[in-house]
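Letters are used for the chains, namely A, B, C and D, taken in the order the chains are written, and counting of residues starts over at 1 for each.
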């Protein structure tokens, strides 16, 4: 049984996902697409020789009888309405991050889903599907390094575009660590602190860079994350878990070891899109498989909501220089982790 | 258009390939299977809920009208007859290595294919599809280290079963290097030398172990390969290309960096099946794609024949202790590399 | 001209230094020794066939006319009196860390030395003489990674003895980072924060472990240091400097790369005495050389005082959970760095 | 008791050794120097403020009553006569490599020393004093990787001067591996083979480059060494020992790990003088110490003779393309290893 999918939003990531679903993954077929830019969408469908119908209205697409499940890859501020529409239609929906642009909107999705009575929403936090993070989680679960006590991370971009402003280091970049570390540690956050110091002169437009964030978890694990988005040298994601009996590091991406020009070296990626590219395939294939089984195994709307609340606390912590509590209800039984 | 595949041979590797074609890859469907052991095949088909028809005769399966292409994963000595049958039927065939158990039989396949007039055969040398070897070839093609001058390799297994005897280090293990290095260097071999010295006491049944093989290519590149199949510590494939301006090493498989027990370490695989497991998926997906386009992009029957002639020369070089010429016709235009 | 040295304190480190001065280094001779335990000292002198005179009074040894310079390796609480005695006698003195057990006592040494009018005191912070830290400082000075913005460190011991209690992680272990990072960055600290979280169950006697310390420098550089003294796996000192254009890590100590037991590994030291053993030779040889030139090039008594004030601030920060200012006068011109 | 040393030859290496003996090492004093270029020697002595007497005749210096031991660092072809002179005078002598420029001359030194009845000669093969090679030998002796079966090495220079011609890759560069591997394995060589293939276009003056040498030892260990003296990228010495239960690699020289310019890298040395610079100190200090004890612990004249015979066999093997036996008497009891 092939899963028939409607995709809302055919920008860069939407097009990538459509190609994935069509040419690489198995068990799914894109039957409907919609975008605010109708002409470009039609051109794309023609160019890729897709058999998909083009809708000029997202909610109509959601309700189409031949659409089994939705992929929402539209502009961030429109995510909430399409996810809510999918829940209203009782259809499974994969929503790219963010689930919503405010914690309040994310919460309304959580509430609607609980009212509906069955989980339908998966959020596109793809790092959970990265082979390296999975190795790290497997090692923790196997007790390879004992109980986790601290986690040291870095999230580094070579540079950022002019549109990257204000607190996006926290709300846009760091949000990936927020989700993946909760999953990795199977834990929740209780406080946040943000430290700024000497800024790189490579940052433009008054951006503070780097940030240093400290999170405390319910179990007492201390997490620190350097977020440095003008580091010049590469796109570099580091994660080191300090355990009671040893320490484990996220693997470096595989690359050739070169001896050249007085240097023993391996390449560091510079394009963030390459770093987790394989994760997108795994993420969507597992979503197709679990959706066909009527289940949601990936990041839930509760996870999306938790990420939103945590990011908001970090923004406040940055502003106030204080250690800010992360206030959130206990995880509803509906979203209990297995 | 889905490629309809008949699989001959449902042992371990055959079952793996059937599962791949059915659950992981896209664009193909297994519609027919055959094996010398009919009952087990029927049980497998039922267990996996496959829609494939079970044939009690391989040649009959080849000729079945709904079979577009063949996958031959039967017992090695039967490969030649099924590949020849596929050529006779004018159908594309993917044959697990070896293409044939003698150079003479491999040559007869080459001859039959040339007579047929169109390439139909791909041999299952999966290392060409490994991400690491592909990085290495891309670096060579990009001139990253200049022209290749020497290649140092190692092929190490932790241990081998009792059935691993005589010259299998050359004919069964080393044959992978024979193929992948010809492809990597885009070159052919002209001489072979085999050196034995101090044997490990871990080898059983009088096996000589390790071997050290030297190959010389048409361009003058010198290749040396340690083949050590009782190395105890892991399954470890090393390849270092020495170029005019630098040196490149095949990447280590990705793994966690651990600090534990007074050691900074990363795991080495011990199971050979894990080392190239991702390559099988890539290999078969690319075979499906090119077959649907009516082409053969992977290792040809000429490559299979060349590997067979080279392995024979190594066996003779081991016996005689001499530098043995590798005598083979020039590559027919039919098989010219692009 | 051989430098004639008197050594006060012939415990473990004192004996090591005497052997160094006698058998390994050049330009010095131990002519006088003193220890609270006179019999053991005499036995040591006899056993090592030293030509040194044994004194039963440290201050008398300091004033002996054939003693050019002092090495103080006695019990910590006695350091201040012997250093002050050396200053009173106008003789150069190398004092093992700590310079004094209270900031007040360290300050009194600073004041006495300034009154004396010429620098005489060097403190035994040996990490400044480690080849790795020197590479790191050279890279910073060469601009290899641009201006430093953040520093991430770890100080890990496999375990600690029963005598290691209370805040010794800060006053005894971390004090090495306090000194070496000031030297590395050529900067001073302005605030300290200490974070405790989940403690390892391997810590005994109610010890909090690990600690996480944040320091802020005058230039705004943010330093974080994990101090984890029951990490089980080894004695491991990490230091990573994040610069404007790149990142540099303190080298790992040299060791064999092994492929063994399904692991690609190199040894991590477990004995802290081995980690900086070569630094002690460099430190004392450079001290001999500069002392013969009438100069002090190593860590001064101001550095010892600054370390003491910083450690006190960390202890208070740990107790109060607050960000604690490090209040200290500006560096006197007398101690200005070159 | 200070060892009083006469140095013959005050070129670059001679001056380095004189500075070492005077400023860095302990227990020795240079009291006499000689060189074919008398004026430059006098200038050097004055410049370095040495208390040494300048001799215009090497043999006279050897016989001077205040000279306890000799260091021969003159032009290679003169080594034999000064070493023979030292033996005739019954004085210990440290001779830089080569011991002699022909195997015949080296043999005459061996014979003279045996006639004298006590070992006096040490040859300057400094790699035996390198910390990395010593780690490797210690691991072998400890059984860390079981019995050695194969050794894979590389000896790479970035480039060579115009004066580097003919077979110097074998007689001048490879000779270091010849000595250090005999010492490492505690074994002797029985055959040699030399392979040339595709030459780098960076080699000038018709030089063949790289070479690939295969040695077989008495125990059957197989050694292969790539000698590549125009590798462009650095001075790089590699040594990997393949044992029955594991594999050990010579450590890389310590260096900073950098993340910069899309690369995770560490520096490779380009100047051969830096690679083993610490070994020279260890070598001469141990020579001083053992000489004061009346013993020779380092490479003997037999080792120098063996190196010469092996290098000659390699030159012949290169010329003939054959596997050449290394014919040499059994080690005389006089030179038996402990």
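Note that contacts are C-beta pairs under 8 Å (C-beta built on N, C-alpha and C of every residue); 3 or more make two chains touch, one makes a residue touch a chain.
For clarity, every value in this text was computed on a predicted model and none was experimentally measured.
**Q** Which chain lies the greatest distance away from chain A when centres are computed from Cα atoms alone?
**A** Most distant chain from chain A: D.
**Q** Going by the touch criterion at the top, tell me which pair is linked by more C-beta contacts: B-D or B-C.
**A** If we tally the C-beta pairs in contact for B-D and B-C, the bigger total goes to B-D.
**Q** Just how far, in Å, is the C-alpha centre of chain C from the one of chain B?
**A** From the centre of chain B to the centre of chain C is 59 Å.
**Q** Centroid from C-alpha atoms only, then distance chain B to chain D, rounded to Å. What do you get?
**A** Those two chain centres are 45 Å apart.
**Q** Counting only residues that touch at least 2 other chains, which ones in chain A make the list?
**A** In chain A, residues 233, 245-247, 252, 259-261, 266 touch at least two other chains, as defined above.
**Q** Help me check something: in the complex, which residues belonging to chain A touch chain B?
**A** 23-26, 131-132, 135-136, 139, 144-145, 245-261, 266
**Q** What residues on chain B touch chain D, complex-wise?
**A** Going by the criterion above, the answer is residues 147-150, 152, 195, 197-202, 210, 212, 214, 216, 219-222, 224, 226, 228, 231-233, 242, 244-247.
**Q** Where on chain C does chain B make contact in their complex?
**A** 158, 232-234, 236, 252, 259-270
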